[in-house]
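In the two complexes below, subunit A is the common chain; its partner is subunit B in one and subunit C in the other.
And then the complex of A and B:
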């Protein structure tokens, strides 16, 4: 399908896509975390661009960061130091984990972009005071953008942007549901490319294209569902489309995920009525959280079990970036939670490159055999 | 029904032939660079030794890192599954299997039927595997077969703090130049390798009885060092090295 290829091309060559966009006159703001208030950036007429970090040579980052920092952060720093992100007009760093926070300082001291912002989000998403605080942080971010780019971000523009991002979220959710219902309709690898592409491409173009893809997939006659075991992938960022194909080779289909390059990105819609900033803040309270945020002691375990049950997944594969503290801290409790529900799981720690194929297939095949 | 299991590891190729669940014979040879040739050779040599014809073997399962290169096998299954099945075949009471081979170490939990319940495998690093011990034996100029036994004569094992094989080798060389007693250094090397395997196995919560399989199970120094870590006896069969091939042959009977 032509529109799918557009997303995959953007996901494979994000810098080329961004450079072309820049040439058309759009200013670009980079970000690393799914808690970034993209709607505010978009409403300012700027392009929010998720950074996934270089997978080629991350040695430049080693001058600034210890080897126990995750490959996402080291890769992003290596990219900017190597001059690969010259198209950026700035970057925003929501405070999620300590490593991203440290990256923010190193970035600020070593780059010369027009715009830089730390958006220090609350960790506890349960109290009225944190809601009020989050709204204030978002208002300040809006003002910072207005000042830096000498523009006014109107409430009307914010409402329009909310609409665009709601369409993207709704359509990504639809595509996930279509795949969960019958994985033959769209491959895990393609869907991964679509989600990743949605964080890179022009959002208005992405929203339109997603509606089209969803319509076409719905209308398509369904080939029979493959006889593979259904699994769910959980973790932080997945930048490895090969994982999906290797799992298929091992006899499993990824039918859902709990990833910030997946369901955590598109989960939770924003209200289109009332104050737009309050509405954007509210989504952080409604959406599925990552381990850097708190709602309750067991909410992530409950969500994971519920997603596995809803999508009839027989096992869970934890795909974690090595040295990712928040996810590693949560892993033992999540595993226990799954064990108590008799849902088998396996842990796969990855860096910028996947482990050798032979080793990985041995683990995948054994796990799939266990299910 | 006669079945065979072919286990192509990184260093050695193993074959086992079973007749209605009874072991007829096993064999070990070096893998070399060509998996297909290694598989054929170990299988044909075993057939010849047993005076059997290839046609008399009804089902063959291949396993090990070279499992997909064994064209004459009916099915390929991972060595983790096969070691679980093999250990259960040798002793059905076993609940944890520690398999240390040439470049991989694995720990797996098996249920009362020999099915794998959970597993963990070394990923980034080969410290704690057979290759680590080989490198160290070479640095100590000791024959690999005597390496483990020598460690048992240590008065006070040396401390090897580096995890990396290359750094650990440098540490060993400095200990040698300092004049440290050879047996103490060798015991230190085994303690270091055992620590890696122990830490990995604890991630899945190793439960007794524990059986050690794979080529490194032939190293008594490693078995004793692991027993010290786990604070319990570790069972080792004479067939530890061919356990994966036996498991594959058992599974071939269920195809």
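And then the complex of A and C:
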């Protein structure tokens, strides 16, 4: 499908996409975390661009970060130091984990862009005071953008942006549902490219294209569902489309995920009535949380089991970046939750490169065989 | 004087009392289930004063982690945590403590079980995950004191948020302990906390004297009280005595090491299982580690505290501690210490256990080199997991580093 290719191209060549966008006169703000209030950036007429770290050689980060830092952060720093992100007008760092927290400092001290902001979100999302604090922080971010770019971000613009992002979320969710119903309709690899592309492409264009893709897929006659075992992928970000193809080769279909480049990105709609900033804050409270945030001590385990049940997943693959503290701390307990429900799981720790194809395939095959 | 006599002279008479206090403290904590006193596990940078007010015994898994490290039980416990599924790249305090809780292993037969958990994330995000794990395991209430990171200052929004959490914290304690918070008592405790912090700072300040009466390794040892018993009279009395001893040593010209020629600053947590080895190694080069960024963390934010309004102002003080500020502000503070203690070089412990303390060290190093032209070296380890430490490599590096330090002087 033509429109799917557009997303895939953007996900494969994010810098080329960004440069073209920049040439058309759009200012670009980079970010690394799915808690970024993209709606506010978009309402300012700026383009929010998720950074994945694509530098060929992440050793460029060696002069600032030790070897025991996750490859996402090393990759992003290497990218900016290599000059690959020259199209950025700035970056925003929502508070995530200890590693991103320090990346923010290092970025601030070693790069020169027009704009820089820390959005120090609360870590606990359970109290009235943290909700009030979160709104305050978002309001301050709105003002910072207004000041730096000499613009006014109106409530109307915010409402429009909320609509756009709601459409994107809704459509991504729809595509996930379509795939979960019948994985033959769209491949895991393509869907991964679509989600990733949605964080890179112009959002209005993305929203429109997603509606179209969803319509077409819905209308399409369904080929028979493949005879592969249904699995779910859980973890932080996944920048490895090959995982999906390898799993297929091994006889499994990824039918759902708990990734911040997946369902955690599109989960939770923003209310379109009332104060837009409050509404954006509310979504952070409602959406599936990332392990660097606190909502309850068991919520992630419950969510994971529920997602596996809902989508009839027979097994779970934990895809984690090496040196990622928040996810590594949660892994044993999530596994325990799954074990108690007799859902087998496997852990795959990756750095910037996947393990060799043969080795990975063998691991996947062994696991899939057990399901 | 024989070498043995000289060695004895350099020993601290206060060390024995310190061990006694810590033993008494742990006995009291371990017998809490008989005495009916509630026990709270709390993070090292957490606001402990309200616990003291409520007669809750604070227990510090991190202090315990240090004991585990110093008694060489870290590798074994960390390996056990790995067998439970915890990655070997996680904080070794957390791994050791998680393994201990399960099997009551470790020194003193494990920590007393908590009745509540108090987690303040002003030191790291690790403690949040660690305390969630313990909250699931012990099935006890967890209070999270959320201190927004201060990359470039302390925002008004953060001020309102942390201040509000003091009230929430007190509510939490009142509910769990089923009694009222005594405001008058909190004023007393606040005073004692400040007094304790001031005295601790004064103790550390004696190291500005040449030769220094104490090393950072001594500070790592004497630190335990300001961490665990802040807000009590015990701390005030003890540090008063310790300060007297330091001043006596200065008067009598007793240096912490035999022949202090070089003065070194240490950055990051100690390597608990190699304290003795490291201190002897540096002493063999006539180098005294006079100060460190770690032990100052428990008295570094006094400037934000209003003595007459402790409860209100402690929110800010607890939020702006050393580990909760930007790399540039940390560098400022390191530069300040370099001047204050007149150091000749900086040793940075690149601590695989502690990412918020270690990431940014390279930038700080560059700033030090640019501003002060001082040599810096890095030692990599996991502070209580010995498997990560390569003695021969570190040994050679220290020799090379001291060579440069001596050439510069």
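Quick notes
By our rule, the second predicted complex is superposed on the first by the 370 of 371 C-alpha atoms of A that agree within 3 Å, B and C clash if a C-alpha of one lies under 4 Å from a C-alpha of the other, contacts with A are read in each partner's own complex, and residues count from 1 in each chain.
The working rule: a contact is a pair of C-beta atoms (placed from the backbone, for glycine too) under 8 Å apart; a residue touches a chain by one contact, two chains touch by 3 or more.
Since the model is a prediction, treat every value here as computed from it, not as a measurement.
Of the two partner chains placed by the overlay, only subunit C lies in contact with A:65; subunit B stays clear of it.
Of the two partner chains placed by the overlay, only subunit B lies in contact with A:363; subunit C stays clear of it.
Of the two partner chains placed around the shared chain by superposition, neither subunit B nor subunit C is touched by A:119. The wider contact with subunit A, measured as residues touched, comes from C rather than the other of subunit B and subunit C. Across the superposed pair, subunit B and subunit C both touch subunit A at residues 322, 349. Residues 63-66, 68-69, 95, 97-99, 101-106, 108-110, 118, 120, 122-124, 127, 129-130, 132-133, 136-137, 140, 291-292, 294, 297-298, 322-323, 325-326, 328-333, 335, 347, 349 of subunit A are the ones touching subunit C in the complex. Considering their complex, residues 84-87, 89-91, 94, 121, 124-126, 128-130, 132-133, 135-136, 142, 144, 146, 148-149, 151-152, 155-158, 160-161, 164-165, 168, 326-328, 350, 352, 355-356, 358-363, 380 of subunit C touch subunit A.
Interface residues of subunit A, counted against subunit B in their complex, comprise 322, 344, 346, 349, 355, 358-359, 362-363, 365-367, 369-370.
By the touch criterion stated above, subunit B contacts subunit A in their complex at residues 65, 77-81, 104, 115-119, 121, 123-124.
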